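Here come two complexes built around chain A, the first alongside chain B, the second alongside chain C.
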Partner chain A sequence: MRLEDELKSLIITELKLVDVKPEDLKDNDPLFGEGLGLDSLDAVELVVLLQKHYRIETKNLEQSREAFSSVKSLADYVRGNKGKK
Partner chain B sequence: MGMRDSFGKGHNPSAYGGKIGYGIFHLLIRLTGPVPAYLLLAFILPYYLLIRSSARKSTYYYLRHRFPDQGRIRRFLTSTCYMYQFGKVLIDQAAMGILDKNRFWVEFPGQENLYSMAQKKRGMVLLTTHAGNWQTAMSTMDNLETKVNLLFNISNHEGRHFFDLSGQRDRFHFIPPSGFLGGMVEATNALNAGEVVAIMGDRAWGAKTMEMEFLGGNAAFPITPYYLVAVTGADLIVLLTVRTGKLSFAIGVKYISNDQDWTQMPREEVVKTLLRRYVVYLEEYLEKNPYMWFNFFDFWSTNKKEDNIKNMEKGVKN
Partner chain C sequence: MSISVLGIGTVSALGCGIDTVREGLEGKARPVIEEHNISFTDGEALLKVYKASINGLDRYVARPALRRIDRFNQMALLSSFLAIDDSGIIPEDRERIGIVFGSGYGPLQTTFSFLDSLIDFGDRCASPTLFANSVHNSLASQASILLKIQGPCLTISCFEQTTCSVMSTAISWLREGIVDYVLAGVGDESCDVRSYATLLLGGGGCSEINPLSFDECSYLYGEGFVVFLLGVGTTDRGYCNLISAETGENEVSGDHEILFLAANGDKETGRFYRPLINNRGRVRAYSPLYGGMPVGNGFDIAIAALSLKEGVVYPLPLLAPLLAPLQAPVPGEISSGITVVPEQIDNNTGNARISCVGFDGNGNYSLITLAK
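After this line comes the complex of A and B, so read on.
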């Protein structure tokens, strides 16, 4: 399974998004605001999701800002940071 | 005096007097201590009660809820006591930044227990409120070995004033609520690292709110602190202070969530449960200390208006 698709499923499951299917999400759609419409509280869930499933921390705010912009950038962030801890 | 941000868009009793009044009080505290400043306060109070009546009226939002059966005369007298108490707290607050720390008496019975809880590194959300003197509670965090983060806008008046005067700005890491995703990424990371995150329980700052009955009316409270606990499993502690005399404060600790893991429960349920516990404790506190609530605006409608209407429509996720 592509990492992007895995992340889409995880986001939908962990954030308990109703009426959203993985295929509805485009890789480059924004996660917050326009697009999927996540908010600041969802960011709490995302941070924990990354720690729980990939053991990745998001301490660098600039990198987090970029990573949280879309599913594709989140996947890139996971690929780039996996196993670094 | 400086608690301008306790007042939202309503009238602010402490904002009157301007820089000159502020300077006079500071000079008086520095030269003679707090007692002459209390006397000066008593001397100028009638002016604000009788002539600048908007200050007095701003106290009525709360007093109508706390003392719903009072008539006009009784309410006027209660408002006088209330404003005088508030003025004394502001003087003490300024004195904390100006005078030697040894001149203050802070009674904090649960201090050791709180410190040992923080040492467990489970992460701790420390909930404070514009009641009593929250800055006193923060000043006791000096001895905490764990890093303390404040979800707080340091550029606002009350924060800048206190933290600069008391030299405590460097002691804390400030997370601006207006920053990236409301500071939630930083706050979550801090809790996951076992640190302390202090949050004002009575300020939404544009974040989602939930309505809860408070002093006989529905008020909207921010849900951020409870949501953080629900997701990270951190502890949740409320600190409320009471002015007990001249330069003297007592700090009460309430363990809202201690060693409990809420992470597998529906978020909305957790948020409701924890918020209710906080509001019940707040009501108990105000029952005993009726003149310690320092939000001089219509707390029962403010968070429901403007951007929060949009936020509330989205609700809390399960």
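After this line comes the complex of A and C, so read on.
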């Protein structure tokens, strides 16, 4: 499975998004605001999701702001940080 | 000053709404009892659990707004909406409505999910949503937010004494004029840890609850939530009056015209209920309809209110037919010698009174009395 598709499923499951299917999400759609409509509490849940599933600790807020902008950027962030401590 | 039960909302193994409780009492509906397979260090076991269903909450709250509210809180929320609907009252001043909710164990499923995540992944993985729902007070606060209620808001948790504490708090708020209405509710939910604890205490393995057989354990645990809309008024409003909610030790004094026992097949508490069988008035126990839980007497209060409104003391639930294909209730006798023939009561104002008694494992009782 593509990492982007895996992340879409995880986001929907972990954030308990209702009436949203993985196929509804485009790789470059914004996750926050007018896109998927996630909010600041979801951002914290995304940090938890990355730690839990990929062992990636997110400490740099500026970096994460960019990484959390879309599924594509999130996948790039996971690829770039997986396995790092 | 009279405190009236104006509306009742229930979520239980019988379904959602007070009508499902009535259908259960009339033998027209059976509770959903599921088999749970639980595994633990020493092996695995199968036990029966009364399972509630939550249907129709999206009639009141948009589905996206429910995504951060766990199942237990949803039970409380739906029961609250159903209680208000049942009353037909739309209180205008939301600052004059209070909420007092209670639970014997609180949001167990979420609490243990949260703790599991801490154990497995450390405190850096503490989910804020899981944490918020794992706090006992989330029950009353979620309802307060979504029902836009701005009066006092409280959640109480003291095991078998919870229902009595909730009711006495509600009575105090109304009598002191702090609020005009109170949503008073209690509930508990199922989870694997509770299943395991039930197993350790010898329950869960029998086929049915036999509440008046005190020499054997026939405990099956249940889940659900019941909410009452209470207000100051007269008996012609709503179901009946809530007279008192008191606690005591060991012996329930006096004879009671009609006594509902929260006995639920648990042998430990059963010994405290046994003497009450000799009560000169009529005795009933309805736990086979809703399952065993610390706040089971909350459902007894709902049944008492329904009984007083309709002028009928419903028969003891016939146990075997609950698990077999549905059959009409057959009048007759069960082992305790208590008749199961439906009985009329005089529910003209001032003539009928029902007391609901519940014991904890130490013999402390709570006694809640309602009258028409």
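Note that the second predicted complex is superposed on the first by the 85 of 85 C-alpha atoms of A that agree within 3 Å, B and C clash if a C-alpha of one lies under 4 Å from a C-alpha of the other, contacts with A are read in each partner's own complex, and residues count from 1 in each chain.
Basically, contacts are C-beta pairs under 8 Å (C-beta built on N, C-alpha and C of every residue); 3 or more make two chains touch, one makes a residue touch a chain.
Small disclaimer: the values here were computed from a predicted structure and weren't measured.
Undergrad: Just checking: does A:Asp19 make contact with chain B only, chain C only, both, or neither of them? Give me first, second, both or neither.
TA: In the superposed model, A:Asp19 contacts chain C only, not chain B.
Undergrad: Is A:Met1 touching anything from chain B or chain C once the two structures are fitted on A? First, second, both or neither.
TA: After superposition on chain A, A:Met1 lies in contact with neither partner.
Undergrad: Please tell me which partner, chain B or chain C, touches more residues of chain A.
TA: The partner making contact with more of chain A's residues is B.
Undergrad: For A:Leu61, using the defined touch cut-off, is the partner it touches chain B, chain C, both, or neither? Pick first, second, both or neither.
TA: first
Undergrad: Does the superposition put A:Val48 against chain B (first), chain C (second), both, or neither?
TA: both
Undergrad: Taking the contacts chain A makes with chain B in one complex and with chain C in the other, which residues are shared?
TA: 15-16, 41, 44-45, 48, 51, 57
Undergrad: For the complex, give me every residue of chain A touching chain B.
TA: Chain A residues touching chain B: 15-16, 32, 39-45, 47-48, 51, 57-59, 61, 64-65, 68.
Undergrad: If we count contacts the way the header does, which residues on chain C are in touch with chain A in the complex?
TA: Interface residues on the chain C side: 63-64, 66-68, 117, 121, 124-129.
Undergrad: Touching chain C in the complex: which residues of chain A?
TA: 15-19, 41, 44-45, 48, 51-52, 57
Undergrad: Using the touch definition up top, name the residues of chain B that touch chain A in the complex.
TA: On the chain B side, the touching residues are 180-189, 192, 207-208, 223-224, 227-228, 231-232, 267, 311, 314, 317-318.
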